[in-house]
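Below is one structure; the comments refer to it alone.
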Amino acid sequence: MELKLVRMEIPEGTNIILGQTHFIKTAEDLYEAVVCTVPQAKFGVAFTEASGPCLIRTEGNDQSLIDTCVKNLQALGAGHVFCILIKDAYPINILNAVKNCPEVCRIFCATANPLKVIVASTEEGRGVVGVIDGSPPKGVETAEDKAQRKEFLRKIGYKL
Amino acid sequence: MELKLVRMEIPEGTNIILGQTHFIKTAEDLYEAVVCTVPQAKFGVAFTEASGPCLIRTEGNDQSLIDTCVKNLQALGAGHVFCILIKDAYPINILNAVKNCPEVCRIFCATANPLKVIVASTEEGRGVVGVIDGSPPKGVETAEDKAQRKEFLRKIGYKL
Amino acid sequence: MELKLVRMEIPEGTNIILGQTHFIKTAEDLYEAVVCTVPQAKFGVAFTEASGPCLIRTEGNDQSLIDTCVKNLQALGAGHVFCILIKDAYPINILNAVKNCPEVCRIFCATANPLKVIVASTEEGRGVVGVIDGSPPKGVETAEDKAQRKEFLRKIGYKL
Amino acid sequence: MELKLVRMEIPEGTNIILGQTHFIKTAEDLYEAVVCTVPQAKFGVAFTEASGPCLIRTEGNDQSLIDTCVKNLQALGAGHVFCILIKDAYPINILNAVKNCPEVCRIFCATANPLKVIVASTEEGRGVVGVIDGSPPKGVETAEDKAQRKEFLRKIGYKL
Amino acid sequence: MELKLVRMEIPEGTNIILGQTHFIKTAEDLYEAVVCTVPQAKFGVAFTEASGPCLIRTEGNDQSLIDTCVKNLQALGAGHVFCILIKDAYPINILNAVKNCPEVCRIFCATANPLKVIVASTEEGRGVVGVIDGSPPKGVETAEDKAQRKEFLRKIGYKL
Amino acid sequence: MELKLVRMEIPEGTNIILGQTHFIKTAEDLYEAVVCTVPQAKFGVAFTEASGPCLIRTEGNDQSLIDTCVKNLQALGAGHVFCILIKDAYPINILNAVKNCPEVCRIFCATANPLKVIVASTEEGRGVVGVIDGSPPKGVETAEDKAQRKEFLRKIGYKL
């Protein structure tokens, strides 16, 4: 078994959500989860069928994002994994809808940061074992940082 | 630390769900989650208590499936992990009920495919680090594949 | 890439919950999830911001537990990871509220057992790849163990 | 305004679920909620569109149950109300899936009992104001009744 | 049909939750929902079985609160209704757990205010049609009221 | 007791969501539920505190919609009721987030149709007993209507 770092492609202005799922209905259900929560979002969805024809199944409303989802899943090479790339919306908007999809097992990460996925590669296939999501912590917030964090969330209207 | 591939036993016609949980109440709660959603299913549930007597706790209505859950968890050797094997029902039927169990942390995978679990083995114990669920992707669906996928889901009545 | 075992500090009488999340709002939202479910709990929350200033963001109502959350996350060194330490309450009380937080991706584990986290360390950052939660299974419960397990849950009033 | 009692038709061996919803997508989404949870169930779904053509929209896999849903909704005459009739499955199996539908507002009741719905009838339309679900209580359970209740749930395998 | 106002008894320091449910398993499931979320709470649960023996089914850990739940449901006289009375905890702590119970249809109200329930009484049974929860609004908050509201929630630690 | 029909004001291009809740934290939590799901929406939230000062508590990002929420709740005059008016977004986008709010008991309706609320008025206060949401059904969909319904949902991209 070999562990590899696979860099995900995340187009400018886009967030990525990666997860484990099962069943071919995932493609349509994730599509609906996104569209019914943030209809104005541009997004792609792809999912690696892991038996039979083993095709990467795709949906979405932005071909370029769909294509990048496919590239990301090809680079991972793992079965039953899905990738969502979303623009004009944020993971916080849709994550609960994605978690509620009856086929979704777990979400590995949701991020706009540089993302490297740790993949275990074996003769019998591949699996995601973890993610390196953005940069390591550089310090602990001070009282002033805390005040600025709260102020920021209130300025953008996410908290009152 | 050593990474090992552990093959899960999945009897013909059965699906497996593997996850991380906590607390001994898991065994009864997962039993109820399955029974109250698909009462006609045949299934086994097992869970590795990770302190005190450290027993594999079991429930279910099919002794053979319970026994195979136990074998799978013994092969994994990791604490606070659960295994469900289910027949006459599919993970999509019960996954949201499993996710809603107040002890369940996350679901590693749900599948009927050949499944190998990547286990980290140390002197201090073992942990699941990933799954190789079925086969890697072999291609990307064409417009025709997409049409067939949708047709298939509509033929089995899962979509309209 | 190197895999390391990182031991989490879990103060006496405390449970730990570790997970993957995204977005700086996590700190306040996890705080509220805990407080609104078990107001009398003593707890700390910390989260590793993974872009910009990359600070460990903290909330809670017990400075000592907050400080230990920070130490745990510093030891992990991974981005977008959160740690909750909770006293006078149990993970089963709050886990569904944590799963419902719109920023939370997944929960790695919830436990009062000795906990070692498997961390992948690379030049480009770090990621959690698994947990060793407590001790490996030592046996399978007998009919008598099963009866005692059920009796125990009924004695503490968690089941009827 | 006049309050009327409207008796729902519930075919032998069937349970009814009545609720308030919005948006025409309800018909397909309720269909999927049922099918993806208990695929072997026979059921009908109907929903009263409340603007434009104001048609009763229907789905399901049993024409007789669909027809009875329509009759029930015609008898109610209220907008944005849905009716599910289900055989070979029970409300407890599907109620959380129904609650999770993004269009569903609330569920009035779920029952196999004789059901009369209290409808407010005005010149401007009709609305459901309550349900008379089965018979009024005749007494309080004794210790023996309680023991029998628990035994019954354990005999049918719903509790352990 | 007659509409009656039925006053609920809410002991000092207690909150009431009233709702519509189905199936006899409700009693145990609501018990567990409360206990597993706020184990230290004192509470009673009662539920009006609406077919067969039509008994008021009860659980809880405080006999006085259980008895008052029974009295409340007797006063209502409606089938498939549940009542929870809870002390040393608040509805906000447990409401999502109650909503997640697979038998629960809807929650009428959750309150510590004086509560009168509007009951439709017919020859064929009774049904809840609404609640009068506390007092009607007396005014609209000013900027100063708003500031005090936010300050209050932050003083009790429910918001940051 | 008197039953009255109270017409809700729903500005052009706006949808209304009405429900029952408890606790003063509702105002901030509903605000966050909307903002974190559809940040670009214009909306108002109001809630009738039902004890103490009994003020209508408000939040939102559009003063005109907030004001209309207040007018609607004043017209209802019932305690512990909330009103959301939302523009540039639809109830289907946010309803699950609203249902997940830990204070929310139930949702009466979600609609852009003309809405009349049935209110019970007593000397001791008022309560919502039902809604007349849009127009009564005028017919049952034919095979052609059904085809058009499905086509419409696919044309707007809500289904595939």
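Order of writing sets the chain letters: A, B, C, D, E and F. Residues in each chain are counted from 1.
One rule holds in what follows: a contact is a pair of C-beta atoms (placed from the backbone, for glycine too) under 8 Å apart; a residue touches a chain by one contact, two chains touch by 3 or more.
Remember, it's a predicted structure, so these values are computed and weren't measured experimentally.
*Asks:* Going only through chains that touch each other, how many steps at minimum separate subunit C from subunit F?
*Replies:* 1
*Asks:* Which one of C-F, D-F or A-D makes the same contacts as D-E, at least in over half of the residue pairs?
*Replies:* Residue-number overlap above half with D-E among C-F, D-F or A-D: D-F.
*Asks:* When subunit D meets its copy subunit F, do both sides use mostly the same residue numbers (more than half shared) or mostly different ones?
*Replies:* Homomeric contact, different residues on each side for the most part.
*Asks:* Roughly how many whole angstrom separate the Cα centroids of subunit B and subunit F?
*Replies:* 40
*Asks:* Find the geometric centre of each of subunit C and subunit E from their Cα atoms only, then give the gap between the two centres in Å, rounded to an integer.
*Replies:* Chain centroid spacing, subunit C to subunit E, equals 32 Å.
*Asks:* Roughly how far is subunit B from subunit C, going centre to centre by Cα mean, in whole Å?
*Replies:* A distance of 22 Å separates the two centres.
*Asks:* For subunit E, which residues are shared contacts with two or more other chains?
*Replies:* Residue numbers touching two or more other chains: 3, 25, 28, 36-37, 90, 92-93, 96-97, 99-100, 102, 106, 129-130, 150, 158-160.
*Asks:* Can you tell me which positions in subunit C touch subunit E when the two form their complex?
*Replies:* Subunit C reaches subunit E through residues 28, 31-32, 35-40, 59, 61, 90, 92-93, 96-97, 100, 157-160.
*Asks:* Going by the contact rule at the top, pick out the subunit B residues touching subunit C in the complex.
*Replies:* Touching subunit C: residues 1, 3, 20, 22-25, 27-28, 48-51, 53-58, 70, 73-74, 77-80, 99-100, 102-106, 120, 122, 124-130 of subunit B.
*Asks:* Enumerate the contact residues on subunit F facing subunit D in the complex.
*Replies:* Answer in residue numbers: 3, 5, 90-93, 95-96, 99, 106-114, 116, 118, 129-141, 145-146, 149-150, 152-153, 158-159.
*Asks:* Which residues, counting only subunit B, touch subunit E once they are in their complex?
*Replies:* Where subunit B meets subunit E, its residues are 25, 36-37, 97, 100, 102.
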